[in-house]
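Next come two complexes built around chain A: one with chain B, the other with chain C.
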Partner chain A sequence: MFQFLVDVLMRACDLMLVAIGMSAVYSLMKFPNIALVQYAATGGILAIVLQKIGAPVAVAIVFAVVLTGLVAVILNEFLFNRMLKIGSSTAMIGSLAVSLVFSAAFLVTVGPNPSRFRLPVSKPIRILDARITEPQLVSFAIVAVALGVFALLYFRTDLGRCMRATSTNEVLADATGINTARMKTIIVLISGVMAALGGVAIALKGEVDIQIGMDLLLPVFASAILGGLGNPFGAVAGALLISLVETVVTTINFGPLMGQVVVFLPVAYASAISFLLLVAALLWRPRGLFVSEVKRV
Partner chain B sequence: MKSILLSGVFVLGLSVAAYAQEAVIGAVLPLSGSSATQGDDQRRGMELALEKINADGGVLGHPLKIITEDSGGRTATALDAAKKLVTVDKIPVVLGEFSSGITIPIAQYLLQQDRVHINIGSSSTQIRSLGKGAFSVIGLDDVSGAFAAQDVFSGGAKNVAVIAPNNAYGQGIANAFAAKFKSLGGAITSTVLYTEGQTTYRRELQQLAAGEPDLYVYTAYGKESATINRESFELGLNDKKWYGLYLTMCTADSDPQYVEGQIGMDLNYIGGNGGDYQKAYEAKYKGGFTSTFNGFAYDGVMLVAAAINKAKSLDPQKIEDAIAEIGKSYEGATGPILLDADGQRSTQPYLRLKIESGKAVATQ
Partner chain C sequence: MSDSVLAIEGVAKSFGANQVLANVCFSIRKGEIVGLLGPNGCGKSTLLNLISGVFPADAGTLAFQGENMTGQSMDHIARRGLVRTFQLPSMPRRMTVAELLHGAAARGAGFGSLFRRDASEMAEIDGLLDELALSHVRYLPAASLSGGQKKLLSIALALRASPRMICLDEPTAGVHPNLRHHMVGLLRRINASGITLLIVEHDMHFIRELCSRCVVMDRGAVIADCKPSELTSNEQVVEAYLGNARQKRAMA
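Up next, the complex of A and B:
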């Protein structure tokens, strides 16, 4: 049972930070930036590459995360901001195109083989009936700290208040003297950093390949929409729900029903579940499970 | 002066002849992707064959050439590579790939184009029904699955769980294993066919463990296998015994700490005649065999070269007839290669291996 909870949490950690980033960007920029899943891949891959060329793990992670945040800001400045002037759907399609460019760039630079951090073999630690390894615990911790810091920033600082004001009513926020353009740049930087941390957390737990970004796309999107696009903490709940359903589907033993010892649904069906949830959410709760003050485009 | 002129004419004549008759064959190998380790080892086998053939005078009086294309471990890329070999390089014979799921489609394409295909690394039973023009120098899985089932059963395990890739190879060997194992009186608690190319197999492994087997039987391509071995260690599944089908393929890319003590079956990759080949390999690549597959690639190239010499032609049809003829009794580095009416290697000896201090050693 505890193993089940650990599995749900592990999967949720894969999705959470990227989903928060996507929701946060949406709340200010009013378009879902698909390239965020590739920022996650960039963060993970870059950290692994930096470690390979000799940096200690912690340094590699910090550099990778900061660099990815900068990439996010630069792309936003030169591409997405311009596309947004044409329309939000243009920017979304543009971000899909940028994602494909990322995939191609990864293929050329790091190649198709999966890679991972060079860490010493660590014996799994037994907690109740679950087994967890040290890197997995570190990965949990990174996600938890990132969540905590973001929550503090968002709810307890002036910066957070300005961000929320801008997301609720940009014109009014502008009129009260908030520099909305600066707010947008900051939220883009934060979303890039969050996504990169998400990628690093995935890399710590196992392997990263160049497909990882595109593999994240559907469940992250589903999480962000379930939570109500533009509501960053709704995305956390969305990620938890998606992970719960994915894990339930692959761990229910249908054997007793069918007169056999063990019969499971193939694991490949797990991704179909996030797709089904996405469709259901769009049909019945298009503003997400929690009604947010932000109207969707 | 005259002699210089004459020799100039002679050299010119020779090079024209070389252009007309130079034998070029093709290979499609996974030089990148999850089977890159095995693919590169296959390439080594081919390189050694090439050196031997060309040192002995080449083919049709000229050095043999092999054009090797990377499949990336993906079917679409492999098919593109095969098309390029046929349409651009106009080669009569193609060797490869490694994974059955890729070998079968490229062989089908080559047969459509009336070219000869030599299977040097795949073992799916579906390869038998490809048709005329397709040959295998490696044994197929109806035999290997039964060998492994007998071996596991004699070892005392009665309830086993099986994990294999969800492709022609994995399905074939899992079925062959299960059929034999059940006929012996054992039970399969669960069979999981995993999707290739993922970065985690935790869910598959947890499903596998749910049946509480005495032993896990697994087979997976190098880098996927590395992930499976690491995650089964992390989930504590390695409390039980693990039995690898084609053990060296399963352990080649894995961290030795995760696979220590694993047992399994593998191809007997060196025949009575293979001593010289083994020495040449060890001298050139400074160490023992990386996988069990290089010898089959070597034999494939040697067989094709012998066939072209026998046919005295680069016509695919004539080469095909010559291979069938030579295959009635051919002694390769991997042992006697006797091709049956379907062009498949009819006998294939297998080994029982164990991983001891990071190395695969034969056991009984």
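Up next, the complex of A and C:
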């Protein structure tokens, strides 16, 4: 049972940071940036490559994350900001195109074979009957710390207040002198860093191949939408829900239902589940699970 | 005019074929309270949007404290001390009134006040909320306020942005008479602290009580610039406001 909880949490960690980034960017830029899943891939792959070149793991991770954040800012400045002047759907389609370019670039540079961090092999720790490896713990800690720091920034600092003010009414924020253009650049940087950290967290737990970004797309999108696009901490709940359902579906023994002893759904079905949840959310809760009742004209 | 705070010269603006403003010229001196009047569609709101930088003017210049603001971004203009309020502001759903007021003065400059807040800042916000009768809603989401309360909050936000001049967009429309009276006092006090005011308003009583000068617009041009008491004796103003009624009376 505890193993089940650990599995859910680990899967949620994979999705959470990228989903938060997507939601946060949406709240200020008003378009869902699909390229974020590729920023996650970039973070993970870059960190592995840097370690291969000879950098210590921690250094490799920091460099990869910072570089990815910068890439996010540059792409935003030169591509997405310009596309947004045409329209948010243009920017979204543009971000899909950018994602495909990323996939091609990964294929050319690192090749189709999966790679992983070179980490000392350690025995899994047993906690309450669940087996947890050291890299899993580190990856969990990275996600938890990133989440905590972002929450502090978002809710307790003036910067966060200004970002939230900008997200709800840009003109009003402008009118009080908030530099909304700078707020947007900062949120893009933060989202790039968060996504890259998410990618690193995934890479720490196992192999990473160049499809990792596109594999993340559906569950991350579903998490962000379930949480209500533009509500970054809703995306946390969305990620937990998606992971819960994915894990339930892949660990339940459907055998007795079908008159057989053991029938498990293949892991491939997990993404079908996030797709189903996404469709359900779009149909019944298009503004997310946490629609606040505060809407007054 | 060396003591002019805001100088508007030859400003024009069209939306497609609709010329909303044509060659508008006037200036406002430091410490004045000026009322901006005119029938609906005369270009008051457009002028306010040009002054605050919502969109740029087609022609002419807008200078604030000697600095040319033509084409500057809205937040730049606001940081220079020229701020505005909104008639029907939409407020955030996930931020409380107090949070919004804290953010408005900060402008995202730094990470300040991570946990502890400046006692004097708290006192300032308390005073502001008291004055605008918003104390009881300070911990509510800003979007849950009524239309009148949002308007008051918009004024509070403007005051938090350390303004040198505030442009108020119909501050009394939809506000309870008691509060309106209160607002006259508040705006006088704001003015006494050295802040110049430009007030777009339909309520003549409010204008008479508060303003030392009135600028009247009609069909995109300034038709009068005088004391409030002189308005009724100004032919053009009477024409613009009552033109139709008069004609009808003449025909009857």
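One rule holds for everything that comes next: the second predicted complex is superposed on the first by the 290 of 297 C-alpha atoms of A that agree within 3 Å, B and C clash if a C-alpha of one lies under 4 Å from a C-alpha of the other, contacts with A are read in each partner's own complex, and residues count from 1 in each chain.
Basically, a residue touches a chain if its C-beta (ideal position, glycine included) is under 8 Å from a C-beta of that chain, and two chains touch if they have at least 3 such contacts.
Note that the structure is predicted; figures quoted are calculated from it, not measured.
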Superposition on chain A - do chain B and chain C clash or fit: fit
Chain B versus chain C as contact partner of A:Arg156, first or second or both or neither: second
Partner chain(s) touched by A:Asp174 [first = chain B, second = chain C, both, neither]: second
A:Ala268 touches, of chain B and chain C: first, second, both or neither? first
Touching partner for A:Arg182 - first (chain B), second (chain C), both, neither: second
Touched partner set for A:Ala165, first chain B, second chain C, both or neither: second
Which superposed partner A:Val121 touches (first chain B, second chain C, both, neither): first
Where chain B and chain C come nearest after superposition, their Cα distance in Å: 38
On chain A, positions contacted by chain B and by chain C: none
In the complex with chain A, residue positions of chain B that touch it: 32-34, 36, 72-73, 189-190, 192-195, 197, 199-200, 202-204, 206-207, 210-211, 223, 227, 230-231, 233-236, 255, 257-258
Chain C - residues contacting chain A, complex: 52-54, 73-75, 78-79, 83-86, 89-95, 99-100, 102-104, 106-115, 141, 143-146, 154, 157-158, 160-161
Chain A to chain B touching residues, read off their complex: 3, 7, 10, 111-114, 121, 124, 126, 131, 133, 136, 205-209, 211-212, 247, 250-251, 253, 261-264, 266-268, 270
Residues of chain A touching chain C in the complex: 152-153, 156-159, 161-165, 167-169, 171-183, 186, 231, 292, 294-296
